[in-house]
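Several structures are given next for inspection.
In the two complexes that follow, subunit A is the common piece, with subunit B as its partner first and subunit C second.
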Partner chain A sequence: MRPENYQAISHPPSNEYELNFGPNHPGIEGNYALKVKLHGDVVVAARADGGYLHRGFEKLMEGRLWIQNIALVPRICVPDPVPMEVCYSMAVEALTDMEVPERAQWLRVLQLELSRIAAHLFTFGGHAATTGMYTTMYWGVADRDQVLDLFEEWTGGRVYHIYNIPGGVRRDMPAGFLDRVSRTMDYIESRLPDYDNLFFTNQVFVDRARDTGPMNQQQALEWGVTGPNLRATGLAFDVRRDDPYLVYDQIDFDIPTEAPGDAWARTLVRRQELKQSIHIVRQVVEKLPSVGGPVRTQIPNPLAWNVPAGETYTRVESSKGELGYYVVSDGGDKPHRVHVRGPSSMHAVQVLEQLAVGARLEDVAQIMFSLDACPPEVDR
Partner chain B sequence: MSKKVTPWLDNLLQEIEGVEIRRKDSRRVRIDIAADSLPTLLELLRGRAGYVHLSAITCVDWIDDGQFELVYQLWSYESQSLVSAHIRIAREPGVYVSVFDLYQPAAFFERDIHEMFGVYFEGSPDMSKFILTEWNGPPPMRKEFDAEAWVNETFEWKDYQPDWLKEITEQGGGIVKTPEEARQKKP
Partner chain C sequence: MKEIDNPIEAPVDQSRTNPLARVFDELVRFCRSRSMFMLHYCTGCGAIELPPAMTSRFDMERLGIQPMVTPRQADILLITGYVSIKTLKRVILTYEQMGSPKYVIGICSCTVNGGMYWQSYATAKQLDQYLPVDLYIAGCMPRPEAVLEGMRKLMDRIRSGEADGWKDYYRRYDWYLGNQQHLFGDDWQTPADVIGEASHYDLAEPGTEGEHTRLLQQCQKPLEPQQTFFQIGGSLEKKGESHE
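Take a look at the complex of A and B:
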């Protein structure tokens, strides 16, 4: 690093200078910036700077019909879009007292877990890239594409599926689809040892990630950390098990935890979650043929659908943590207010600002990727 | 789960006046409370009932009532239940106290609400802008804020006529509709 190349150099003799880390930096997880104050190459202060993506989703939703917002919400977190659709749909269903057919609930679980697999492959691929192991990233992206192929065949969209709607899902799956799901799961599972050899047990990764950005369980609870980042501090909390929705209470799965709470532990939790998600998908594949019936409840004319006045907070476990939707209806055909509680809002601002302090500049990107923060969830 | 929730709810009823409690289901409880009493309620929930996780603070603009509603979502890892505490504050001047000393995540939510609704939280560690750093307009999430009108007042439409496009237009192609024309429905 050559400090003289940067404009915002503080005056000597403090030897401290500021650096804009992002938004156009290969080591940052999207259009996001971290303003870091450095002493040598050690971060002494960090300040998150969002807003590069801000599209005002919450305001936009107030101007759109209830059903139209389904097409809007997956844009909030591109790598993991399904929890957005499901959580918003669950909120509308709670407001209208609508029942979701059982088959649709299983289909939603299948969608959620496939989305989690795709998101985790993307995240630890990115994490590997920040430590120089680009092969892992290429593999991660290529294997993620296998899951996106499934989504494309199933819903027509690779990333934005617009598949989960209030009342259920849009349509059933194509013929023979479950076989392809099984084959893809077999393939992804067969790849896991390769990832272990290439990345998770790689001495470079272990040395770089151990003791990087550590937080203990007490801090995690104080800072409002959720999801894999919380589980990496040893607390086995998962919305799917502890505040169940859909049919998760009928599914058997473990909640992996790690104790150290550092970048290594966070990534290792995701690695184990991949295995659990594959396990869940297989249970759905097994169960689905015996669950018959419709896949959605008839909803009123979407162009003149007045949702009864009320409010609700629904939440799901996304790949990044607790995702919540607080939705208020005043009885009209559009929401009065929608608040998206993105899990990344805590991780990318308050937690990152604290964990970056004391780290070396080369570890900042790694800390951010290990927190798995999705910038559009922060500025919404 | 609900069995664990009951004792503290009963105690709470006796300790704070003016509380309305509605149980939505076994894991969801809604509490409506006077704005002045909310910090006491949160302290009790956190200290005695283990509601250590603040999921979100949401602001809802009830413009016809001249009020903002602030909703605090609290989760207890022990009793596995979610409490939503609702208060109403006057829209003008839109000032409330921060709960940062009880819940650190409040700093982010309060900063967000300050930026988007203009509510000021006394005692919050940081009320500076986060997303709208170059924004000089009114708080945009308020109901009276009309984004389209604001854009029309603040900016002006300009014809997009680069040289390369002129050539295409002369040949009958290019941008054939202005935004206003595109918006008008066909007769």
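Take a look at the complex of A and C:
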């Protein structure tokens, strides 16, 4: 614009002003924006402004073959892609009445829990960075890379591993892989006390996260909150236990809860979930050698695979909360309609808008990271 | 929209005959190539491989590459992955705020040709139609090593004077603007005065102004006080500009 066209922008004579928080902001988790109205530095109103990552996944899936969609779904949530693959595969299996071999089910559980560990380590990093503790971010990302190395050796991909397909998994694991899983779990468990000292019991973090963005149990239920954010309000709801899928009913694990429901409690629940996930992985490693057999059921020619007409809703527990796929088939070779019930849509839009009110500007980023919202999954 | 080939310019300005000037040019280019501040703008999924590349394991900072949080401080704009049309507006806005010389790296297949989302109505398929891209790092998504290798390649290109996409933006601004108008509508405008900057850098050429810049000047409106996003009284109704 030409300089002569510049003119002074007048503000209304009030202490209230508006600020664009994102999409290009280090305190925002990904490409996502929040418009906040401030009085001084206290947020008076907040409104989520999504759509920066919109690609129309649900529509794109209607134009692709059943098997092609496996490559599309992990992109919906980048830090935690495995639950997407598993949940979609489970939906297709439910439509076709397909049996999944037992070994494949154990392998899927192993994948899901490794993915949860990676996602939680990544979230700590982001959360710590918003409070200025960059060392935690460096450690978290570096430790997450150990898990990604396992994935890379197992499936060939670091982040997106198109591994869980309808009917089972693509292939069995490489020789000696379980030892490496055990070693990595030992390593990550040995790091947990360091994280406690560095981050979770750090007075800076505790002071900032205590009473930040509090949410009580009734609000959480009204807003459709699931996952660690719900468990941080004291309700032990977990899809793995309350609606068991795969072989979770044969696995022993606890569901950690915290009462206060603030940012500190949400982070603490994730910290305890890390320990539980390591515990689950150890059980899988113990059990897996005795579970032999094939890892996939033979599926028809994928290029002309007509899934029987019907509809289904399958759900799994992802690291963000309950993830569901509502899939409708009209008997064709492509889905008729797919709807993804992403947990982050609730967390990042309505919950964030409500919790940000009354917080100070510097705490908005912390609230968002403690909710662990995943912007690509909000926009889909 | 007429197609113009992207000419690779001779690295040394021929009008500068003093040999000492060339020495300084080379020194300046070397220094630029060894202090690359990249903008912390993660447009898509490729951004998830940037933290590993930046932190302990691969450690980009040992090469002099550091994330920066504001466009005014940054030299490199990383476009990591798919760019939706709504994001592309903000990307162009960010790019025009950056000081020259500035470089653009397109990461992931989506910036090259739309990648997996070639069918999608919301994705801008080919980034170099709207911004000059100095380097593409293909892959879905490229590993941290690939990102580092791309950065090294960009260093070499800056040092040898080949990375001059920013000059291309000034020289062929009308073409880029035409593509942007094609996507965003005829009333698309940014607060930056690109034509004025082009003449400041002595890069105004016949391609700088044309039919599209004339259209821009016709449609250009002065900056107005921002429409409020919240209604007075606390109701969260949006007024003003509509978003895609």
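Methods note: the second predicted complex is superposed on the first by the 368 of 380 C-alpha atoms of A that agree within 3 Å, B and C clash if a C-alpha of one lies under 4 Å from a C-alpha of the other, contacts with A are read in each partner's own complex, and residues count from 1 in each chain.
As a working rule, a contact is a pair of C-beta atoms (placed from the backbone, for glycine too) under 8 Å apart; a residue touches a chain by one contact, two chains touch by 3 or more.
Fair warning: this is a prediction, and the values are worked out from it, not measured in the lab.
S.K.: Is A:F21 in contact with subunit B, with subunit C, with both, or with neither (first, second, both, neither)?
M.R.: neither
S.K.: I want to verify the contact counts: of subunit B and subunit C, which reaches more residues of subunit A?
M.R.: C
S.K.: So in the superposed three-chain picture, is A:E58 touching just subunit B, just subunit C, both, or none of them (first/second/both/neither)?
M.R.: A:E58: touches subunit B, not subunit C.
S.K.: Is A:Y163 in contact with subunit B, with subunit C, with both, or with neither (first, second, both, neither)?
M.R.: The answer is neither, since A:Y163 touches no partner chain.
S.K.: Kindly classify A:F124 by the partners it touches after superposition: subunit B alone (first), subunit C alone (second), both, or neither?
M.R.: In the superposition, A:F124 touches no partner, neither subunit B nor subunit C.
S.K.: State whether A:F199 touches subunit B only (first), subunit C only (second), both chains, or neither.
M.R.: It touches nothing on subunit B or subunit C.
S.K.: Is A:D145 touching the first partner subunit B, the second partner subunit C, both, or neither of them?
M.R.: second
S.K.: Classify the contacts of A:R75 with the two partner chains as first (subunit B alone), second (subunit C alone), both, or neither.
M.R.: In the superposition, A:R75 touches subunit C alone.
S.K.: Is A:W154 contacted by the first partner subunit B, the second partner subunit C, both or neither?
M.R.: The answer is neither, since A:W154 touches no partner chain.
S.K.: Taking the contacts subunit A makes with subunit B in one complex and with subunit C in the other, which residues are shared?
M.R.: In the superposed arrangement, which is not itself an observed complex, subunit A uses residues 51, 54, 56, 59 for both subunit B and subunit C.
S.K.: Applying the document's contact rule, which stretches of subunit B touch subunit A when the two form their complex?
M.R.: Listed in rising order, the residues of subunit B that touch subunit A are 27-28, 52-56, 58-61, 71, 73, 75, 77, 80, 82, 84, 103-105, 107-108, 112, 116, 130-133, 140-141, 147.
S.K.: Which of the residues in subunit A come into contact with subunit B in the complex?
M.R.: Against subunit B, the touching part of subunit A is residues 50-51, 54, 56, 58-59, 221-224, 226, 235, 237, 242-243, 311, 313, 315, 322, 324, 326, 328, 336-337, 339, 341, 345-346, 349-350, 379.
S.K.: Using the touch rule from the top, collect the residues of subunit A that touch subunit C in their complex.
M.R.: 1-3, 5-7, 9-11, 18, 23-26, 30-31, 35, 37, 44-45, 47, 49, 51-56, 59-60, 63, 71-72, 75, 78-79, 122, 125, 137-139, 141-142, 144-145, 148, 158-160, 353, 376
S.K.: For the complex, which residues does subunit C have touching subunit A?
M.R.: Answer in residue numbers: 39-45, 47-49, 51-52, 55-57, 69, 71, 82, 84, 86-87, 90, 94, 116-117, 119-123, 140-141, 143, 189-193, 196, 220, 222-226, 228-230, 234, 236, 238, 243-244.
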